[in-house]
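Chain naming follows the written order as A, B, C and D, and within any one chain the residues start at number 1.
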Amino acid sequence: MIKFGVIGYGYWGPNLVRNFAEANGAAIAAVADVDTSKLDIVNKRYPAVRTTTRFQDLLDDPGVDAIAIATPVNTHFELGMAALKAGKHLWLEKPMTETSLQARKLIDEAAKRNLCLFVDHTFIYTGAIRKMREIIKSGDLGRVYYYDSVRINLGLFQRDVNVISDLAVHDFSILDYLLGEHPVAISASGMNHFPGTPENLGFITLFYESGTIAHCNVSWLAPVKVRQILIGGSKKMITYDDLEPSEKVKIYDKGVSFTDDPKQIHELRVGYRTGDMWAPKLAGTEALRLGAEHFVDCIADGKTPETDGGLGLRVVELIEAATSSMRGRGETVYIQSQRRKAS
Amino acid sequence: MIKFGVIGYGYWGPNLVRNFAEANGAAIAAVADVDTSKLDIVNKRYPAVRTTTRFQDLLDDPGVDAIAIATPVNTHFELGMAALKAGKHLWLEKPMTETSLQARKLIDEAAKRNLCLFVDHTFIYTGAIRKMREIIKSGDLGRVYYYDSVRINLGLFQRDVNVISDLAVHDFSILDYLLGEHPVAISASGMNHFPGTPENLGFITLFYESGTIAHCNVSWLAPVKVRQILIGGSKKMITYDDLEPSEKVKIYDKGVSFTDDPKQIHELRVGYRTGDMWAPKLAGTEALRLGAEHFVDCIADGKTPETDGGLGLRVVELIEAATSSMRGRGETVYIQSQRRKAS
Amino acid sequence: MIKFGVIGYGYWGPNLVRNFAEANGAAIAAVADVDTSKLDIVNKRYPAVRTTTRFQDLLDDPGVDAIAIATPVNTHFELGMAALKAGKHLWLEKPMTETSLQARKLIDEAAKRNLCLFVDHTFIYTGAIRKMREIIKSGDLGRVYYYDSVRINLGLFQRDVNVISDLAVHDFSILDYLLGEHPVAISASGMNHFPGTPENLGFITLFYESGTIAHCNVSWLAPVKVRQILIGGSKKMITYDDLEPSEKVKIYDKGVSFTDDPKQIHELRVGYRTGDMWAPKLAGTEALRLGAEHFVDCIADGKTPETDGGLGLRVVELIEAATSSMRGRGETVYIQSQRRKAS
Amino acid sequence: MIKFGVIGYGYWGPNLVRNFAEANGAAIAAVADVDTSKLDIVNKRYPAVRTTTRFQDLLDDPGVDAIAIATPVNTHFELGMAALKAGKHLWLEKPMTETSLQARKLIDEAAKRNLCLFVDHTFIYTGAIRKMREIIKSGDLGRVYYYDSVRINLGLFQRDVNVISDLAVHDFSILDYLLGEHPVAISASGMNHFPGTPENLGFITLFYESGTIAHCNVSWLAPVKVRQILIGGSKKMITYDDLEPSEKVKIYDKGVSFTDDPKQIHELRVGYRTGDMWAPKLAGTEALRLGAEHFVDCIADGKTPETDGGLGLRVVELIEAATSSMRGRGETVYIQSQRRKAS
C-alpha cells in the first residue's frame, strides 16, 4: 500500500485525491494547500485524511510514501526537489517544470536516490491513445506520414503559461508515445492578442528525421471546442475525436498509391485507395486511475513509468523550442536532445 | 452582349461554358481545346458553338469579345498575354500565373490596352464569403484577432502545382477580400511525402501589421474532407463550414473581456462572454454565375472587377512567399508588395 | 428553511440529496434506504445527516418538513400517502404513480391537508424547455403544427415499467408544459422483444383538439443515443438536441405559405420560406436545483408548483392510454380527462 | 440494344433519359411530353432523339422496344396498360399505380404478353441497401428486431399524393427487399395541416409475423433534412444515414443479452454488449444506371426484375393500408396479400 500526500487541491488536485483514494494499492494520507477553504472541502469529503497548509508537514511525515504535486508549474521544481530530498517518490503534474534544466536536475536526483518519478501526461493512459499506439506499432498504419492536431476552445486563459504549455503539451507527449522519436526541428507561430498576457493561440510544426511531419493548432480563443487528431500512414489513416461520446477513434482503409508505369510519364501517377472504416472498441478505464495504479506498480517493482522523467523532459524541451520559434515568427529551431528516447 | 471564347474544356471549363451560356449579357461563341474528344462533348451539348483545337482561332475571331482561360497554370501567362494583345478582355482561372512577375506584366498590358482583366477567385462571389465581409465591414465582429482555415481531403494530387497553389490559394483570396490588408510576413511548413511530386500538405501562418494572424492547414492526404474557417473578433466570432448543406455561416456572440481592476492585480483579469448564436440566410446564386455577370458589367461600364489583376497578383505573391518559407522549414519570409491594396 | 427527508438513495436519490443540501432555503435532515450500504455512503458524504432503514422514522420526525420519494414507482402511492398523512409536504419522482386513480387520491389528500405536492418532471426546469415555452407563448412560432421527438439509446432495461413510462414520460410532461393542452386521443405501437419483459420500444402519436399532432419514438434498443425534438409552427420551427454541448435549441425562420391565387388553380399553391437560424443563449442553472428552490418557495408561499399533482396525473393518464393502445396495435384510445389544464 | 421511349420529361424524366442514353445495351429513341418547352430541352441536349407531344407516337413506333413512364401517378395505369397492349416492355416510376387493383391488372397483362415489367424503386439498386441486405441475409445481424426510419424535410408538397405515397414508399420497398416478408398489420397516423391538401406528415408502424416491427416517420414540414434508418438485430445493429458523404452504413457490434440464472430471479437479467463499429465500403455505381442495366438484362434473358410488378403491388398495398389507417387515427389495418413474396 503506497500512501500519498497531495500538494495542491485546486483544479486537478481533487481528481488526484479521488483516484489515489480508490486505486488498488494506493491510499491518501494527507493533503496540503495554502488555501484553508480548499482544506475544508477535503475534511468534509475525507474525514480521515490529514490536512495542512504547510507542504513541509507532508515531507516530514514518515507515513507518506509518495508526494503528488498539483500546483502551478512555477513551483514544480522547488517542491519536487524537496520531496525527492525527503526520500519520497514523486508524481508531478504536466508540464513537469518550467525549464529543461530543472527537469534534468529532478531526473538526476530521483535516479541518485532510486526514487520513482512519474509525470502525469494523462492522455498516455487513455484507451484511445493506447489503441492508436497499438495500431502504429503493429505496422498496420504503415509509415507515418503526418500527425495533425486541433485543440481549441474558449478559455481558460492562464496567467503564467502560454497556450503551448497548456494545450500543445498534450500533443507533445502523445507524439513521443506514438512515434518513439524526438523531432529534429520546430517552427511555431502564435500571438497574444491581449497585452501583458501569454500567447493565447499557437501553430506548431514538428519535423522528424524519419520524414514524419506533425502539426498542432492550439487556441484559447475559439468559439467552438475541438479536440481532433488526424494521423496519415502509408497504409491506413486514423481520426481521433475526443469529444465524440463513442467511436472516438476511426481507422480508414484509405491511401494513395503510385505507379511507375513509363507510359504514364506525362501523368501524375497517383491512385487513390478507399475501403472500409473501422472504429475499435476502446478500454473504458479512467486514464488517471490507470496512471495511478501504474505508478504504484512501478514503485513496488522498481520499474520505470511509461510517463517517466525522460518523457517529461522531452516535452519541456519541445515547449521551450516552440515558444522560442513562436517569438521569432516561425524561425526554425533545431532540437539537440541529449536524451533521445530509445524506442 | 459579350461573346466569350473559352480555352480549355477539362475540369473547370465546362462550368465556365455553362455559366457564360446562361449569364445575362453573355454568350458563348467558341471553345478551344487540344483534345478533340473534349470538343465532341461541346458539339453535342452546344451545337451552335464553334470548336477548334487552335486557340489562335479564337484570338483571330472578331466575333469574340473576351477570352476565358481554363488551362494548366503554366500556360496562363502566354495565353493571357496573347489574348490581351489580340484586344480581348481576359478571364483567368486561379492562380493567375506561375510568378508574380508574369502577373505584373499582364496587369500592365491590360491597363495599357484598357481591357478588363478578371481573375476567377470564385469564393469571393459566394453568399457565405460576401456575408462574412459584410459582418466584418459593419464593425459587428470588432477587431479581427485571427483567421484559421482547414482545407483538407484525399486527393487530387497535381503534377505541376503544390497544395498551397491548389488549396491555400482560396484562403489567400478570401483573406484579401475580408481584411483589405496584405500580410507583412509569412511562415510556412509542409512536405511532399512522395519523391518527385509537389508538396501535398502545408501549414501556413500569415502575419498582418494590424495584429491579425491567419493560418491555413491544407492537405491532399487526409482521410476526411474538411472545409472550415474560424474568424475570431473582439466582439463576435464566426464559423464557416462549406460542407454544411445549410447554415454554413454561424456568428457567435462570444468573446473575452479584460478588466483593469487594480484589486485583481494578482489575477488574470479575463472574463468570458457567451451569448446567442445566429446563422444568417445566405444568397443562393451560384458564385460562378455572379462572377460571370460581374465581369460582363465591368466590361460594359469600364469598371474594375472585385477580383481584378491586383488581387490575382497579391495572391501569387503569397503563394511564392509561402512556398519559399515552406522549403526553408518555416523560415520567416517578409512581403514587400509594391501594390498594397487600398481597401 | 425547509428540512427534507429523502426516501431512496439509489440512482436518482443522491442527486436529490445534493441539491436539497445546496439549494437556498433547503436542508437535508434524514435519508432512508433499505440498503445499508447506500446509507454508509450517505454517512461518509454527509456526516451530519441522520440515516435509517425505516422510512417511518422520517415520517415520525418532527424536524422533517418535506419528504422526497425516489423509490421504484410501484411504491410511490403507499409511501406518498403515508407522508401526506404524517403532514409532510411531498416531492415525488416521475412518473407520479402507477395508476391515475392513485394520482387522484394523492392530489385530493394533499389538497385536503393543504400540503404542497411536487412531481419531479425535471425537464420543465431546464433552460432549453423554458426558452421553448417562452417562444411558443410569445406567438413567435405561430400555430403549433407538430411536435416530433426521438428519445432512444441502448439500455437501461427496466423490470417493472415499460419504455413509455421510462422515456416518453418526459415528452408527455414537456408537451403539457409547452402546449397547455391535453390530447384527445392517442395511438401507440410498440413491442417487447424479450419474453417476460416490458415493452422496450414504442411509437406514440397524440392528437390535440387544436389540430396539433405529437409523436414520440422511444427505445432501449438503439445502437446510438438520440435526444431530439422538432417543433413546427406556422411561422417558425424549432430543433432541440439535448446531446449538443451548446446551441441545444435552434429556431429556424422557415415555413410554408399558401396562396389563394385563382390563376394557380391547377398548381398546388405552396411556397417555401427560408431565412435565418438563431440559437438563443440558455439559462445554465441545474434543472434540479431550480426545481428544488421552486418547491421550497411554493411551500413558503402556499403556491402551486409548475409541476404539480395535476401535471403528474395528466402524464400518468397518457402513460395508461398509450400503453393500452400499444397493446392493441395502435388502436385509438380517447382521453376523457376530468382535470383538463386551464392554461 | 433495347431502344427506349420515355413519357414525361419533368422532374425525374431527365435522369431516366440520361441513364438510358449511357447504360450498356440501352439507347434512347424518343421522348414524349405535353409541354413543348420540355421537348426543346431534349432537342438541344439530344439532337438525334425524336420528340413528340403525343405519347401514342411512341407506342406506334416499331423502333421503340420499351416504354418508361415518368408522369404523375394518376396516369400510370392508363399509360402503362396502353404500352403493354402495344407490346412494349414497361418501366414505371414509383409508386406503380394509384390502387392495388390497377397494379394487379398491369401485372396480369404483362404476364399474358410475356413482357418485362419494372418498377423503379431506385433505392433497391443503391450500394447501401444492397450491402445491408447482404449483411442481413448472411445472418450476421441475427434476428431482425426492428426497422426505424426518419425521412423528413421541408417540401416538396404534392398536389395529388400524400407524404406516405411520396416518402414512405421508399421504406416500403426497402423493407420488402431487406426482410423478404410482407407485414400482417399496419397502424398509421398523420395529418394535413393545410385544408384541401394531402397529408404532409405521417407516422407508420408495420407489424410482421416474424416479430419484426418497423416504423417510418415521414414529413414535408421539417426544418432540417433527415434520411436515417436504424435496424436492430439480435447480434448486431445498423445505422444508415443517406446524407453522409461517406460511411453511410455503419454496423455496430452492440446488443442485449439475457441470462437465465435463477439466482438473479429478482433482477432483470439483461446485459449490454458493446464492441467495434465497422463502416463497409459501398459500391459507387449510380443506382439508376444499375437499375437500367438490370432491366435491359431482364428483357434480354426473359428474367424477372428484382423490382418487379409484385414488389410494386406490395408497396401499393401498404400505401393503401397506411393511408386508410391514418384516416382512422391509427386504427389497425390488417393486410391480406394474395401475393406474399417467396423470399
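As a convention for this text, contacts are C-beta pairs under 8 Å (C-beta built on N, C-alpha and C of every residue); 3 or more make two chains touch, one makes a residue touch a chain.
Just so it is clear, the model here is predicted, and its values are computed rather than measured.
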Subunit D against subunit A, contact positions shared by both copies (same if over half, else different) = same
Higher-contact pair (C-beta pairs counted), B-C versus B-D | B-C
Chain at maximum distance from subunit C, centres defined as averaged CA atoms | B
Roughly how far is subunit B from subunit D, going centre to centre by Cα mean, in whole Å?
-> 43
Centre-to-centre distance between subunit C and subunit B (centres being mean Cα positions), rounded to whole Å | 53
If you look at subunit D, which of its residues touch at least two other chains?
-> 224, 246, 274
In the complex, the residues of subunit D that touch subunit A are 246-247, 253, 274-281
Residues of subunit A touching subunit B in the complex = 145-146, 148, 150, 152, 154-155, 157-159, 185, 187-191, 193-194, 197, 201, 203, 205, 207, 211, 213, 215, 217, 219, 221-224, 230, 232, 237-239, 252, 254, 256, 258, 267-268, 270, 272, 274, 325, 328-332
What part of subunit A is in contact with subunit C in the complex they form?
-> 44-45, 47, 225, 243, 245
